[in-house]
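Note that subunit A is present in both complexes that follow, paired respectively with subunit B and with subunit C.
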Partner chain A sequence: MYDTPKLESETVTDEVKISARGCQVHYGDNHAIKDVDIDIQDKTVTSFIGPSGCGKSTFLRCLNRMNDTIDICRVQGNITLDGQDIYDPRVDPVQLRARVGMVFQKPNPFPKSIYDNVAYGPKIHGMARNKADLDGIVEKSLRRAAIWDEVKDRLGAPGTGLSGGQQQRLCIARAVATEPEVLLMDEPCSALDPIATAQVEELIDELRQDYSVVIVTHSMQQAARVSQKTAFFHLGNLVEYGDTGQIFTNPADTRTESYITGRIG
Partner chain B sequence: MTDATVPPAVARPGLFEGDARTRKRNAAERRFRLYGMIAVGAGLFFLVTLLFAIVSNGIGAFQQTSFTLRVEMREDVLDKPGNRNIEDIKAVKTFAYKPLLRAAILREIEGNGIDTPLSGAKIVGFSSDLDKLLSDGAAAKLRNQVLANPELIGRTVEVTVLASSRVDGYLKGRVTRESIARDKNLDAEHLDLVDVLRGAGVVGKGINTAFITGTDASDARPEQAGMGVSILGSFFMMLVVLLLALPIGVAASIYLEEFAPQNRFTDLIEVNISNLAAVPSIVFGILGLAVFIQFMHLPQSAPLVGGLVLTLMTLPTIIISTRASLKSVPPSIRDAALGVGASKMQAVFHHVLPLAMPGILTGTIIGLAQALGETAPLLLIGMVGYIASNYPDGVGAGFLDPNSAMPAQIYEWAKRADPAFYERAWGGIIVLLVFLAAMNILAIILRRRFERRW
Partner chain C sequence: MPERHIVSSYDRDLESIQATIMKMGGLVEAAILDAATSLEERDEELAERVRRGDKAIDALEEKVNEETVRLLALRQPSAGDLRTVLTVMKISSNLERIGDYAKNMAKRTGVLVQMQPVDGSSGAIRRMAKTVEAMLKDVLDSYIQRDAELATDVRMRDEEVDQMYNALFREFLTFMMEDPRNITACMHLHFIAKNIERMGDHVTAIAEQVIYLVTGTLPEDSRPKANRGAYINPEVTDG
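Our next item is the complex of A and B:
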């Protein structure tokens, strides 16, 4: 049922990029993530699936410490990026987020020009020495996000004037402009139509050449199409984690099976 | 569960005949709309009445009656030694100029062949009945003209001097032949003379720029009183308010909204700021009196102190509106900025603040407009009363010299007895309203300008 053809060849490396051990997240009194252990591999697309409120977005936001901005959120346990604890007090979340980029559910370009949207990250991280450098980064990022041809003649136009799918690809361009190592995507296609979704999915597959991509999705077809690894979350627990093919064809846990066959969720 | 399948107990009427319930509902809606229209209509009626009253009462202040006289600057009166030494000319006091003006009027009377008992008016002390036609300030104006240009001495010069406020009132219809019978200021022959002189073009109404640029004047010469210095007082106060309230208010709101932790203490601050916005302004006035004047010994009646008091009053308004506009910036923008690795402060200053700018500016200008029209706190720090100061010399003096403010000046004029001041109070309200309207239009323009969609 879910064995739709993969877009690209399977080139899964075994190198672990992000590793979580005993991760717990509390929102006030609500225990949102319970004791999650996971190893996310480099140059791989990993998808998080699960019913609404199961904690998959919360866990995703732990990976670049976006949860720090929520006062009542407490994160415990150990999450490492290349073996270094990202919750170590010496870590500046600003530096971390330059290495772990994020694309959000709703396209959220800045109300500025297309150029400024992409150039903002490199500018604040001092990645360009001069205007020509910056122009190069902007072009490269927009090309990687497969939107360059559509916007190259109107880089000065506001990013908010683009269509939904274009906006989301602009946001991806903005995220890759800072040369991250990991790209976190929180339901990036939920606000898009099928054509724009297909474009973004194709893009995700291309991005896998350079990045470790983690994508949260509600669409199991999408998870099956774009990812090599799938993690199933339920009620704050990581129920099952494995190769996408195995999860969708031969799940080990009955809850996973119930979810992917539509009985819970 | 099965309610839906039960057939209706009564047969439904056709679509064309409304049932009683629907008719009742529709009638209620019509009534409600009518109430709304009546309320709006009443509001408009009162607004129009108010504007009409203000304009019809105040427009007179923008015109002033003056005499155009040919005055012979007699050398034997103004410069007896005859060598144009400025010290000698200064030694001649203002009342020496009065006979010159009197003679000039008499010459007009003769020249136009007017028969009036006033041509034989007796001089009692230093003044005669003829003097009542002119403003007390007329002689002083003439003297200033001569001091500025001693060459005028010995020549016959055409000068324009203010008429007295009664003559001015007669030309504007405020003073009538009936009303003069009740006081001792003018007699019927004065009015007869004014009528003829007006026909001859000696007396006439003109645009009163002195009302906008001039200083306040004493009770005896309402025709000279102007708002200029109090406008300047208001300007310096607004400068203080803008320079203090905008940065402090915006910084406080950004901190409270974006950085401060949510706990009891910040909740307490929040509640207090909201309550401060509702504190009567006179309370801020007495606070200013106690702290700035009695404790810190800042000068009384100074725009600096007025500005400080109004800053305290305006701060809650600015903080509340700034926080509201910061809140209205969608969180997705903050997420986007943080997501590419901006620090909290970069996210706020690069993305949130520009989006909140229209709201902040609008709030600030509304706060300033409120402060501009505030009178009560100024009563307590002495910025009201007869302050016939001249223009402050320099910016420092502008902040520290005793001054008045526009609303305080209006209040001051409104409580004086002479109806000529009453007219000026209304005129002052027009000036104040023009300033307020200008500020509000500026707020709208700025909001339009900076408004962006996201």
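Our next item is the complex of A and C:
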């Protein structure tokens, strides 16, 4: 008797990890996000797709308060992580970002050793009592990011000396080192070659065992390959949000259809 | 889908596939009518043309397959485009089967013209073939116009064909019981009627594909069927 392998499209849980209600974002006079409501599930990969300037990256950055760093940016509405309002004045954005990690479009390792790149977060959050603890976290994180075997013999070498794909996986290792619950990825593969892209995609699929992963991507095929849920943004609106399989075979909204089939919307 | 793709060669690829399937549909429609006409008019030459013509239909199916595989590999269609490509593949295989049935009718016609005609049957067969051909024409129109309503209508009309088949089945049974010398001809005629009935089923399958193409879901309700007559016991049929 064989077990039927779990379908890539299956979600493990219906538990909501992040919930946004009436989310509005203004950059000065520009109304970038218009009244977005969304429930992002735990242990699920959710992809945000949409044309450039549709607000998908802006909305992603609301989820760990990265927009706080932009002076002219105003965020309104309610965003909760496990039911807790992340814009509550009592929430420390640095602590929040340890729980909601982020990986950016261009790999941006610190100009430090591979080891220090990963160890930095756990150190400042006081997650390790001693050197052995820290070594353990670094190894575990590099293994999780599927890059341990490639760098274990040169942990002291600068992170910037790695190839682009390795740098990106190093950044993922750095993001998972603080044991986040949610991982936000802003076009994590757009600077990578197809092999490195496949490695990162494989990694994303593994990461969803433990995390809620949200990925912004310009590649529709990537969204189709890695995610179980897809949200389509257009002109600051969340146009359609549903199962990835449904969005790519039978989208409900004509704007979604026009966008994913490569037509002028 | 009124809008054009940003990459215009994508539209040209899709249009080329649609043109091929329409050409195939045209040939199959003609094959059905010609096969029925050759039977009614005992025209051996026309029957032979139908038999030879099937090669062209098969070649077009091959072409549709090649073009759809190429489009799937190179363009990774999604949503409506994906449904179009999947639908085209299934429709072409349905059309190819209908073509085969027409060819088989023509083959049997070649045998039947050597025999004594069975009264009245070839007219009924021609009417049945005409009905199926009209259904095929409508279903291809519904495909081009993305008209799920017309496709639903075609799907329902298959019941008529089933009823015509049942009537012929009883008639042939009667002829054979009346005079055993009719058996060979009636067996061939029965297979011809059965072929046309099967063509109707393929047209129905195409109609279901069109409904899927337009709405994204296959029809769930079962369509009316009327082929119970084929299971009657000749011993209790009083003719």
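Here is the rule we use: the second predicted complex is superposed on the first by the 252 of 265 C-alpha atoms of A that agree within 3 Å, B and C clash if a C-alpha of one lies under 4 Å from a C-alpha of the other, contacts with A are read in each partner's own complex, and residues count from 1 in each chain.
Just so we're on the same page, a contact is a pair of C-beta atoms (placed from the backbone, for glycine too) under 8 Å apart; a residue touches a chain by one contact, two chains touch by 3 or more.
Predicted, not measured: the structure shown is a model, and the values here were computed from it.
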| item | value |
| --- | --- |
| First, second, both or neither for A:T249, with subunit B first and subunit C second | second |
| Partner chain(s) touched by A:P194 [first = subunit B, second = subunit C, both, neither] | neither |
| Subunit B versus subunit C as contact partner of A:T69, first or second or both or neither | first |
| Touching partner for A:G126 - first (subunit B), second (subunit C), both, neither | neither |
| Contacts of A:G83 with subunit B and subunit C, given as first, second, both or neither | neither |
| First, second, both or neither for A:G262, with subunit B first and subunit C second | second |
| First (subunit B), second (subunit C), both or neither touched by A:T178 | first |
| Most subunit A residues touched (candidates subunit B, subunit C) | B |
| First (subunit B), second (subunit C), both or neither touched by A:M102 | first |
| Partner chain(s) touched by A:F110 [first = subunit B, second = subunit C, both, neither] | first |
| Doubly contacted residues of subunit A, that is, touched by subunit B and again by subunit C | none |
| Subunit B contact footprint on subunit A (complex, rising order) | 64, 66, 69, 71, 94-98, 101-104, 106, 108-111, 120-121, 124-125, 160, 171, 174-175, 177-178 |
| Subunit C to subunit A touching residues, read off their complex | 1, 3-7, 10, 76-83, 216-217 |
| In the complex, subunit B residues that touch subunit A | 261-262, 330, 332-344, 346, 350-351, 355, 452-454 |
| Residue ranges of subunit A in contact with subunit C within the complex | 220-221, 224, 247-251, 256-258, 260-265 |
